[in-house]
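Heads up, the next two complexes both have chain A, just with different partners, chain B and then chain C.
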Partner chain A sequence: MADVDHDEEPHLLEEDQFLQEVHSFSFWFEAIEGYLEDRPRGYVETLGEPTDSKTMSDADRDQLITTLCNYCVGESTALEASSGLVRMAPNNHSRIFLATQVADEARHLEVFLRRLEMLGVTNPEAEVEARAASGLVEFRKRLLDLVDQGDWEAAVFAQNVLLESMEDTVFKFHESVADTITQQMLEGVVADERRHLGFGENDLGRRLAHDPDGRSRLAAIRADLDPLVLASFDSVYRELGLSREDQPQLGKEYLATVERLGLTT
Partner chain B sequence: MNGPVDAAIDEVPPSSFQPESADGDEPPRQRFELEDTGFKEVPKRWRKFYRIWQGEGDSLGPNEVICPVCKVVIRSHREFRPGDRVYCMPCMSRMVVVRRPDGSLEAEVTY
Partner chain C sequence: MADFLSQYSIQRWLEMCPQGYLEDTVNGHDPGLSEPEEILGNEEIREASIALTVQLIAGERAALAASSGLVNAAPDYASKTFLATQTLDEARHVEIFTQRLMDLGVKKEDVNSTVADYTNPNLVKFAEVLLEKVSNGDFIAGVVGQNIVLEGMAFTVFELLQTTSKELNPKFAQTLAGTIADERRHVGFGENRIGSLIAQHPERKAEIERMQGEMAYHMLATFSDIFTGGASTMTRERDRLAAQGQSIGDAGWHGTDLSTATPADMEAVLADTVLSEFKTRLGRIGLEYQTPKVPA
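Moving on to the complex of A and B:
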């Protein structure tokens, strides 16, 4: 952890002090402790089963299972990809941060699988496989291929910018309409996504500033992968019962990010 | 406290922020006492420097800007001015404060 005066504000830190602080394991641990200490399984268990969970209709339950199955695909993809990225990280700051992301993604997967069990799914692994959206499965394959090829920039873009942006938008919306238990689980997941998104944008932003030619390469990869993820999360909105005109702008925050990075085509 | 307005406690010159203009045509910066608003996504000692944007009906104080990356409100003990450096710890972004044509202050990411 950076050696800082605790009476000072963060904006007075030197840049290297700031990066050392936010990439540290202790920063991560104290941050997640803030919003997870009373919910080791992702929700406040002492409240018992809330009424909205008990009274959920069969149709709503089935739709929620499909949605959660696709969240599990996204989280298991991020878990595998981020663990692969640890090995090719360019420096120790990134390596340590990615180790915390691996733990975050594993926890997300665990809480979503647990929610499936709570909803009566007896074999969550099989259910996830059966209900996974084809676009998301294809995206998973492409992302893991990028990791296997050792393409750091493309993999960070696909995972920490594209996938995390889409998840962040969808999870925030779902949080606003979900039953109490699912809402509490999503709240904890969204808090983690901020770190993952920020890491991706800032890492790529620094790299592209010194490698302008890299922009056209990433823009091409983006054009290839965008439809897979956009279509997958668009289908989640439909599962949540939203008509197209009522859907929040799915790609708005993502497009703002790619514009800041200069990846618009 | 979830509102954007913190109590201005006095007016003092800035220290490490952008210096006042040499000819002294700008008033000293306001200083603000910050309260923890319940934002839990950073370690305790940093929590009062961030808050969740409440959406419609919310507004920013002169010591607040929104992080363009993660949309959290970034806060300071001091009134912000163009050129100030700010850090968003929740998403690990570094920014500089800029003034828009309409006079409002915004944070721009610096990679």
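Moving on to the complex of A and C:
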């Protein structure tokens, strides 16, 4: 894709033009191109198999498989939810942004499934099902119910704020302790999650600014869903070998976002 | 099946599409190209171009809704992944045809009302038949309706438009070239993925064939409205070009010279080509083509 010749930087554009610009296909492609250029499968293949992958113990490998299986549950949930949201999007640029998110989530799923294969999992889909955390499975059901009910605000909150910010926090932490291949994969995924989170906060922020009833409703939904996702990612930390006191503040960024949106209970 | 589906990964899509035939393009065409003055300076032709572009947007919006809606219904991760790429393709098509509408002088704030005003009601009915299947989570019918019927129609319509545009409107012709490449991939997925599912569920055949017949009927009615309604404008434009010693250039298409064909001839060759493609593709996946009723 050629660089689009903008007269101004995106942040200097009028609000409406800004939204159209940052939610476009070309903006998306420019955003992802950087980290895909030399990583066709999510990591730098020319490095060969790094030592930390070769020397991984069986216990560490098994732990990583469980973690990645739960990442796959999160990503397939996000794939199904974001695709369901396309049809109910309130305008064209939101629809187009969500279409880019659909492709991002599918890409993440593909990358994690490939990592599972590299770790020796012969049937990744079955393995994901077998190792999925029950809380995350329940969250998936609740989120897809919100999508099926056509509840745009609740679904955007649950997916683009709650799930994405939790993933962002966990992936960033995991990136700092992961083996080289997993670390490179997570780096690309985290870059996408930031964009998705930005969309969710931006969309809801505009809607809720003058809607106290909407805020109360979402705060109640939040109180209902928080424990499911928090517990799921808490267990991921445990799988990564962290004691509770050593865990980074899991929901710090999430709580800050919730605060900005006025969804504290 | 696993090997065939591996050809539809996100990675493959990235290499083929944005890093392939869309490389160095803006909104699907070379940077710097614009709509020709012959369109922008002629109110009748400009309005006809707007009306045509609206049909493309309406079709692509339906394809976007259908492909995204089918992700959830897909039975395996690989199919979900392909449909994710298709969702993004369709979103890009909506974006570039909407951009064309604005390039033709429609103000941004008027885009939705223009689309609502000009969308052919038969095209709306065509989309409704498909989207009902998608809403019901019917993966097999949804993919046949979307990737064989809708995409098959779009593929052929875009080819015809590209043939008539390449000489006089390279911007539009280039925009269409990228969408044609996308549609070819979508049709390929539909044929490859659905054949085995139809074989596993022969009891679904009759209902899906009925859907194809219904969609084809609304498609023919759309073609009829557009070619009948636009006949005088098409004829006047051809006469104007001839008077200036111009033509749409080498425009042979499925045995018809589009530079001299009457609107009725063009409608006939378009309908015949689309229906013939339906017949071939449906046959390949084990479905019997249903001849649609001829719209009154």
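For this structure, a couple of remarks:
Definition applied: the second predicted complex is superposed on the first by the 254 of 265 C-alpha atoms of A that agree within 3 Å, B and C clash if a C-alpha of one lies under 4 Å from a C-alpha of the other, contacts with A are read in each partner's own complex, and residues count from 1 in each chain.
Everything below uses one rule, namely that a residue touches a chain if its C-beta (ideal position, glycine included) is under 8 Å from a C-beta of that chain, and two chains touch if they have at least 3 such contacts.
Nothing here was measured: the structure is a model prediction, and the numbers come from that model.
Once the two complexes are overlaid on the shared chain, A:T257 sits against chain B while remaining clear of chain C.
Look at A:E80: by the touch rule set out above, it reaches chain C but stays clear of chain B. Within the superposed three-chain model, A:L162 lies out of touch with both chain B and chain C [touch as defined at top]. Contacts of A:A99 after superposition: chain C is touched, whereas chain B is not reached.
In the superposition on chain A, A:R194 makes contact with chain B only, not with chain C.
In the overlay built on the shared chain, the residue A:A209 is in contact with chain B alone; chain C does not reach it. Taken together, the two structures place residues 26 of chain A in contact with chain B in one case and with chain C in the other. By the touch criterion stated above, chain B contacts chain A in their complex at residues 15-17, 40-47, 49, 68-72, 74, 76-77, 84-94, 109, 111. Here chain A touches chain C in the complex through residues 1-2, 4-5, 16, 20, 24-26, 29, 33, 36, 40-41, 76, 79-80, 83-84, 86-87, 92, 95-96, 98-100, 102-103, 105-107, 109-110, 113, 125, 144, going by the rule given at the top.
Every residue of chain A that touches chain B in the complex is listed here, in rising order: 6, 9-13, 15, 18-19, 21-23, 26-27, 30-31, 34-35, 191, 194-195, 197-199, 201-202, 205-206, 208-209, 253, 256-257, 260. Against chain A, in their complex, chain C makes its touches with residues 9-11, 13-15, 18, 22-27, 31, 64-65, 68-69, 71-72, 76-77, 80-81, 83-85, 87-88, 90-92, 94-95, 98, 108, 111-112.
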